[in-house]
Each structure stands twice: as C-alpha cells, then as structure tokens.
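Each chain gets a letter, A, B, C, D, E and F, in the order it is written, and its residues are counted from 1.
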Amino acid sequence: MKKENYDTYIWDLDIEPKIELLDKEMKRYIEVCNEKLGMVPNVILANASDPERLKSFVNFYNRLMVKEGHLSKLEREMIAVVVSSCNQCFYCVVAHGAAVRQISKNPILGDQLSINYRSAKLSKRHKLILDFAAKLTETPHKMNNEDREVLRKNSFTEEEILEIVEVTSFFNMSNRIASGTDMKPNENYHNMARK
Amino acid sequence: MKKENYDTYIWDLDIEPKIELLDKEMKRYIEVCNEKLGMVPNVILANASDPERLKSFVNFYNRLMVKEGHLSKLEREMIAVVVSSCNQCFYCVVAHGAAVRQISKNPILGDQLSINYRSAKLSKRHKLILDFAAKLTETPHKMNNEDREVLRKNSFTEEEILEIVEVTSFFNMSNRIASGTDMKPNENYHNMARK
Amino acid sequence: MKKENYDTYIWDLDIEPKIELLDKEMKRYIEVCNEKLGMVPNVILANASDPERLKSFVNFYNRLMVKEGHLSKLEREMIAVVVSSCNQCFYCVVAHGAAVRQISKNPILGDQLSINYRSAKLSKRHKLILDFAAKLTETPHKMNNEDREVLRKNSFTEEEILEIVEVTSFFNMSNRIASGTDMKPNENYHNMARK
Amino acid sequence: MKKENYDTYIWDLDIEPKIELLDKEMKRYIEVCNEKLGMVPNVILANASDPERLKSFVNFYNRLMVKEGHLSKLEREMIAVVVSSCNQCFYCVVAHGAAVRQISKNPILGDQLSINYRSAKLSKRHKLILDFAAKLTETPHKMNNEDREVLRKNSFTEEEILEIVEVTSFFNMSNRIASGTDMKPNENYHNMARK
Amino acid sequence: MKKENYDTYIWDLDIEPKIELLDKEMKRYIEVCNEKLGMVPNVILANASDPERLKSFVNFYNRLMVKEGHLSKLEREMIAVVVSSCNQCFYCVVAHGAAVRQISKNPILGDQLSINYRSAKLSKRHKLILDFAAKLTETPHKMNNEDREVLRKNSFTEEEILEIVEVTSFFNMSNRIASGTDMKPNENYHNMARK
Amino acid sequence: MKKENYDTYIWDLDIEPKIELLDKEMKRYIEVCNEKLGMVPNVILANASDPERLKSFVNFYNRLMVKEGHLSKLEREMIAVVVSSCNQCFYCVVAHGAAVRQISKNPILGDQLSINYRSAKLSKRHKLILDFAAKLTETPHKMNNEDREVLRKNSFTEEEILEIVEVTSFFNMSNRIASGTDMKPNENYHNMARK
C-alpha cells in the first residue's frame, strides 16, 4: 500500500499508524479496504498504531457490523448514524451516513438521520429501533423493562433486542474515541452515494 | 464448571450462556475467572451466549483493562467507576467500585468515585484524568483541542491521552450494554474489599 | 464526650462545633448519638457550631425522620437515598445508604438506591414513592396535579403524600448544605450493615 | 382570628389548618402575622395542619430569615427569589419577590431577580452571592472548593459563606414543598410594594 | 417627539435610534405608540437604529400580534409570556406580562405565566396551546406529528396551529435579540395594569 | 409558474400556497427564485399561503440575509447552519448547508457546521462568531456583558455584534417554524454544490 493512500490528517494525536508491525492478516485487511473502498478509513489507520489495538477493534467491529446478524445491515447503519447524531460525532455521522446512503439508495434518508431522525418517514419497526437507540444513548440510566417490552410486543426477538443494544452501545464508544481524539473522516465519504 | 456458580439472574433477556459451545480457550478463561474470583462475572456469562461475542469482548477488554498499559490499573479502574457513575450504571459501578477498593486498598475512595468523584481528595494527575473522562462521557460533542492540551501541559504522553480516551469510551459502551439489558452484578462484588 | 469521638475533618469551613455552648438538652442529644452509634454524625457536629442552628435542625429532622410518621422509616430512608443520589451528595448517600441497609437488612438494596433506583426490584408502592421523589427533585417546576392523582389512585392518603413531599424537600436542602460546605460523612458509615 | 382571613385555596391537599390545636405561642405567632401583614401567609396555614410541623418550621425559618444574621435581610431575600426563580416556584417567587421590593424599595429589582437575576445591575458582592446560590441550586454536585475560595478572596467570612449555603438550601426545600403540594401565595403579595 | 420620552438606557450597544432618518409612516408609528402608551417601547427605539430594520420588524410584528388573527389577542400574549419565561427573557416577560394583565384584567394570571404557567388554572384550550408552545421552545427537535394531532383532536384549525407555531417562533427570536443585546424594558411596564 | 415546480410535500398542515392571491411584486419574487434556483424554496411556498405572511417574511429575510450587511454572506450562512444544527432543524440545516457549500466552495465545511461546528478548522473570527451564536441559541438566559466584550476585544464593531445577534435570533425563529410544521426542504438542496 502506498503512502498516498493515507489522508494527511488522521487525528490530533502524535501517534502514527505502524503498518509494518501488523501481522499478515491485518495487513491483508488493510489492503482489502483499499481495494474495495479506494481508501483506508482513518479509524483503521488510527487503530493500526498498535497491532493488538487494530486486531481487537476489527474483530469486535466485524462481528457486530459486517457479519450476518439479526438486524439487517441497513438497520445497523441507521442505528450508527442516529447514535452518532445524538453525540454530534463528525467522524461517524460522515462515515456511516455514507453507508446509509449506499445501502438504502436513498441519499435523503442519510441526511435525515444525520440531522434529526424524527424528520424521516420511517416504518414502525425502524422508528421503534431508533427510539430505543436514542434513549439508550441519551439517558441510559432511565432504561427499564418497559422499553424492552415495547419491542417484544412488536415482534422483536430477544436476539434482535440484544443487537440493537450492542450496536447502540458500540457507537457510543466509537463516537467518544473519535471526539476524544479529533479523528477526521476521509474526504471520500462526503460525496459517496450522493445520488 | 458447575451450574451453581451461576447467579440465577443475569439480565432481562431470554438468552442463556452456552458454555458448551465455547472453544477451549474461552472455556479455560471462564474456569480461571471462577478460580480467581470465586465466581464468573455476569458480564462474561452474558457474553458467553455466543462464542464470537465472548471472544471479541474478552480480547477487547483484556487489551485495554488487564494487560500492561500506559495508565496504572488503578487509574483505569478509577475511570471505569467515574464513567459508570455519570451514566448511573448499576452493574459497572458495583463491579469496578469493587476493583477500585481492592487495588487502592481504600474502600472510601471506591464510594467517593461511585457517588461523586468531586468529593474525593485526588492528586492533580488523577483529577485531570477524571475531569477529562467525565467531560468526554457527558458532552462528547464539546471536546476540543484545549482539553488535550491541558493534559499535555501536565506531562501526559500521547499514549496516555489515548488510553484515557479508550477506557472512557469503552465504559460508555459497557454501561449501555448493561443498562440496555438490565444486567445485574454478581452479589459477591458488593462486599468485596470493604475493609 | 471526649474529643477523640470527632472525625478530624467535618467540612470545608473554618467553623468549629461549640459543644460547650449547647444547652443541656442538646448536650444530652449528642451523648445519646454517641452511645447509640458509637460516633456523633458530622452533620450534628457541623450544626453544633451554633446552639440555635443545632436545635432548630434537630427538631426539624426528628419530627420528619425519627418520630412515628405516615410512611415507614424504611420508606423515608429510601427517599433520602434516592434524592441524594439524584443530587450526587456524597455525605447523604453514604449516611442514609447505611440506614437503608440497616433497616431493610438488604445491603444490595442500599447500593441499588445509591446508584440508580431503577435497578432495584421494588414493590409498586415503593416505585411510586421514588418516582415522585425523583421528579420533585429534578424538575420541581413540572410537578402538577396528575402526579398527586397517581398516588391517590394507588391508595396513598393525603398525609402520606405530604410526607413524601416533605422528606424529598428536606433532603434537597440537606444535600445542598453538605455539597455547599464539602461536609464529609464519618468513616463508620461506609461499612455499617454491609452484611 | 376570623375565618375570612384565610384565602380559600391553600394547596392541593385535603389537609386543613388546625389552629385550635396549636399552643399559645403558635396561636400568638399567627395573630402577629395577621396584625403585621393583614393576612396569614398560606405557608403558615399549611404548616398549621400539625402543631409540631408548624413549630419546627417557624423556628427553622426564623433563625435563618428573620433574626439578625451575617448577611443583610435584603441579601437573604435576594437569594430566596433567585433560588425560587431557578426552580420556577410560583409561591416563593411571589412571596419573596414582594419582600425584595419592600426592603429594597426597588420594585424593578424584584422583577429582575424573579425573571433572570443576570438582567439586574448588581454590586460585585451581590453578584457573587447570587452566582453561588444559582450554582448550588442547579448543579449541587459540581460545587467544589474553588467556589468557596472565590467568596473568600472577595472578603466573605466563613459565617457569611455558611449563611449563603443555608439560605440557598432552605429555599430548595421550600420550593419543593410548595411545588409538590401546589401551594398558592396569598393574593395580597402580588401588589405589595409595587411603587 | 421629545427626547424625554426615551428611557436613558435601551440596550448594551453603542447604537442609537435615528428617528430623523425614518420615513413618514414610521415616524407616525412612533408618535402613535407614544400617544397610546405614554412611551415608546424600547424595542421600537432599538429597531429605529436603522429605517429598514424598523420597518421590517414592525410589519412582521403587526401582522402576527396586532392584526385580527386566528387566536385571540390574549392567547397570543399568553404564548409570548410563556415562551419568554422559558427563555428567561427579562424584556419580553415584563412587556408582555403587562399585556396579559391588561387584556385579561387578571393581574395574577400575568405573574403565573411569567413564573411558571403550570401554576395557572387554565382552560383546556389554553393549556394545550401553552404546552405546545413550551415544547416547541425548549425541545424543537422533538416536535412531531402527534403534537399537532393533539391540537387537531381538540378542534384547533390548521390556521390556529400555524399561528401558535408562528407566535412561539417569533418570541424565540425576540427573546434572543433582547438577551443578546441586554435590551431593557421601559419602566412603565412594571406597574401597568397591576390591579 | 407551473405546478410541477412545487415539491409535492411542503409541510404537515392542510394549508396551500395561494400564488394567485399574491401581488405583482411577490409573484415576481417567486418567479425570480424559480429562474435562479430552478425551484421555489418550500419556505417561500409555505409563506405564500397568505400574501401578508409572505411579504413580511421576505422583507425581514432579505434585509438580514440577502442585502449588503456588516458580516459577509458566508458568515451569515455559517451562523444559520450552526444555529439550525443546535436545534436539529432538518429544513434549515439542509437549505443553509447548501448555501455554505456554495459560497465557501468547501463542501466539507458545510458538513462540519451541520454536524458539529467544533470539528471545523475555523479562523479566530469565525470561531468567536459561532461560539456566540451557539450560546445565544442554547442558553439565551446566560448571555451577559462579557460575551459582547469578548467580541469587542477582538475588533468586532457594534453593528457586527448586532448582526450576529439578529441572524442567530432569526434562525431560532425559522427553525421552530419548520420544526413546528414539519416543513421539508426541496430535494434539490441535498446535492447542491457537493463538489
């Protein structure tokens, strides 16, 4: 992978990616990113500052967001954007907003979830998912049994509920890693799937 | 591992630990917990509902909280308690409050951080760490360069700053997994290291 | 009463208890505390800085929290802990958390109310009391008729409602006296009734 | 005292003043109110629902607000209005707003403190008092040493600081008793000292 | 118009009214104010710092607040006071509080809306209007279809709903112009229509 | 103007634009919009439901946002986006985000201000403007002299300060009109000036 594939600014820390220290699997992972997306997402470069950091992050992320799950990929990306919008996380709104546009083929939906998901025309299922995610993000201490019961009464399975919780929670972590380090999204994201 | 080592209530989800599906390494991990602590923490049992879930969680957690890091173990546990107290997470305040008592040999410090870290008499270093963690937890969107500069001017290294960010962010995830599922701490934690 | 019964740090004010100025009744009150609890609570020592201050505080407190009332003693102490937890008052969470443990013989309940009362398994009656107390603490300006009607429909008497209001209000005062002066609880409280 | 001196509505509780049960001293107290103010404040009638309630309230209140103290009477009443305005307490803003108008002979000051004390042109001393009171009211958990140090550096004595804390705390109680019971101020207050 | 009709302090900006630059219509407007009210409201003098500023403000204001509308004048003034009270705007609470007292002939209603509209005994219609206005003021991002449906189910017309939105929105602007410039109300307002 | 230039959904009110009732000047205004932008902004169509409504809105808006002012056009649009982002107003973030992209020729700046202006690399002047606008939007009651003094010390003129206040305040109105009626931006805005 050539140097020019790095954006010049990744985050406000004097800590560099150390691609040369990565094992084969992780090096390969980075190459695949580059091939598929035409860039290596800055969150990957940032985590590549330490081989263990990258590996544990990638495994955690992939299980939750990439592999087959109980929610659809779009649903998981919608949660990502809404959580990140609640936390006003520039990196994650931009990167996952692009993913929502791409998967949904609906560029306006991406903007609606980025700015205020209540402005979007959502199916009942999606509204329930996002209301739960927003509450768990903003007032985790107010969560209670009834919040889960609402989902159950609307035919969500236990595994779906758990996945909503996990994805919401994960982005509450990611948002703070990005905001705490001033991580910046790759420029490509901004225009991706705009029409 | 015998059944009686499980607390009867883990969380408000009809999803059970599936110890029998775990690989050797994870089974061994659970046994070691049990040997060392006299119990398997409920967060481990909850994650054991799926072999991948457990593995990615344990790897992520261990790199951050168990292995040698840039902050001391006490410092990382102090962050854990303060973040969890901001989020009023019952599971994590109880479990990591116990860890603070144990490592610091100061049971009152555990209570102070659990209720309001501003009530504790802290070194300047610890106060700076916890102020940063509390701000990143409560108003991630207000983080800026100056917050990191304050740490730098007080001799924190880049790696230390990153670790403060990572630990803070991790517990913002963990707190929401626990609050979103009503996960309950094992009873043993409550009295651990009380004097 | 000997000097050694005082904790060395009471609050962040250069104002001392003046036991010698107290009248017989208040001197006796302090001795009784000491006999029963093995210590004089710092809130009493702090108020003993002025004979009138102590007397009016003790009378007010005793009518509300010690004498036979309309709520049980446990209920009044539960309110005390939940209000103090909302306000993150170190002194009052510690002192009244101990009281909840002692009266309820349930040390976990004390921790639950201290961290987040929504994590406790409560009777409907207790949940209604604590929801009312938390709302009156956090958003007093939003209280309205319906809040009282909910209690009435659940068989609370007018006197019980008034007592919930009074105890909640009292700890909103006490919490601020403690937080405004950095009053510290006696060390004994931390381990009291832990099992 | 004749019935017609009662306003018809005191609060939203079916609990009546029981003047006939009061002891001589409290009966006299009520008569004096009536003579001096031409009315019995509803907070007194409300507390007169129980002889002990009234007595402990009146003693507590008088020590703090009526007797010679370390702050001037106007300063204590200014705190009362600002705290009550933070909590949007109708009863206390009206009753103590009247007191500020009366003592200060400045009816506009009363309105300024009732609506937003930052709109008033205040002496440095008064601004410091009210900033402290507003912070202790709204974010008691954020109080720390520095808040008291600011006062000390501006020549406030320890006793003055304690009195600011006590008066602020007292009205955080009173506001909640009034809001929790829908206590209404006597009509006379509204026009008192208007010019 | 003579100089003495100006209050000496209008706002904290070194920008003066320039009556001499106004066109005939606006000069006449100011004279009419003076004749009817015995003063020129400071908001008019402030806007008179620029002929265009005044004209566009007066036209906007008059269409909304003075001309025949879908809500009664009292209803529009009630909204003005409640919005201004939410935003703690000294200028607008004072000026429109006076208007409520004048139109309603109920001086207490003015104080109730100024301090906490929940303390007022309101018709269902008025309560619905003010609840909507308060929500739109405090959490505009949480507005949704259901908020409008509640009004529709209670016989509000589309035009009435729009007017509630417009008046609420207008005072969210006015309040910030006043607070952002420290605009002060004319003294006359304070005592207007007090009985 | 032909019907097909209307987006089908303008807002959630059963109130239609009444182009036929408009006077010549306003009809011409709408035609000019259409010629220049290839669409009539929905906010114009919505206001065209009443000739007076449209006229007073357009005059108010043009004086502030279109004509030569004391701030540059970009600065005024930056304020518009930041205020609208604080209030999570879908309509205004989309429409004025497009304007920022267009004027600045910096599409990323538009996204940064839309999501979290603190993520943008701003000149000191722009940062001061936006900090003032954000504070005036979120906590108007906390504005004070010092906020204006900061601007003055950084060479802002009185007229510039006033314009910052006016533009900020105007969008606090517009945001609530849009959120209160569920006004939707024309689809064209989303992709405008994306590269």
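Assume contacts are C-beta pairs under 8 Å (C-beta built on N, C-alpha and C of every residue); 3 or more make two chains touch, one makes a residue touch a chain.
Note that the structure is predicted; figures quoted are calculated from it, not measured.
J.: Which chains does chain B share as contact partners with chain E?
T.: For chain B paired with chain E, the chains in contact with each are A, C, D, F, in label order.
J.: Could you check which of D-E, A-C or E-F has the same interface as A-B, with more than half of the contact pairs identical by residue number?
T.: E-F
J.: How many angstrom between the C-alpha centroids of chain C and chain B?
T.: 30
J.: Compute the distance, rounded to whole Å, between the mean C-alpha positions of chain C and chain D.
T.: Roughly 22 Å, centre to centre.
J.: Let me have the rounded angstrom distance from the C-alpha centre of chain A over to the C-alpha centre of chain F, please.
T.: It comes to 30 Å between the two C-alpha centres.
J.: For chain B versus chain D, what separation do you get between their C-alpha means, in angstrom?
T.: That pair's centroid distance is 45 Å.
J.: Which parts of chain D, given as residue numbers and ranges, touch two or more other chains?
T.: 88-89, 116, 141, 143-144, 182
J.: So that we know how the chains sit together, what is the shape of their touch graph: line, ring, star, complete or other?
T.: Here the contact pattern is something else, fitting no line, ring, star or complete shape.
J.: Using the contact rule from the top, write out all pairs of chains that touch.
T.: Chain-chain contacts present: A-B, A-C, A-E, A-F, B-C, B-D, B-F, C-D, C-E, D-E, D-F, E-F.
J.: What does chain C use to touch chain B in their complex?
T.: For this pair, the touching residues of chain C are 85, 88-90, 93-94, 107-108, 111-112, 114-116, 119, 182, 184, 187, 190-191, 194-195.
J.: Show me the residue ranges of chain C that touch chain D in the complex, using the header's touch definition.
T.: 12-15, 49, 52-53, 55-57, 59-60, 63, 67, 87-89, 136-137, 140-141, 143-145, 148, 158-159, 161-162, 164-166, 168-170, 172-177, 179-182
J.: Going by the contact rule set out above, which residues of chain B touch chain D in the complex?
T.: 116, 118
J.: For the complex, which residues does chain E have touching chain A?
T.: Contact set of chain E toward chain A: 141-144.
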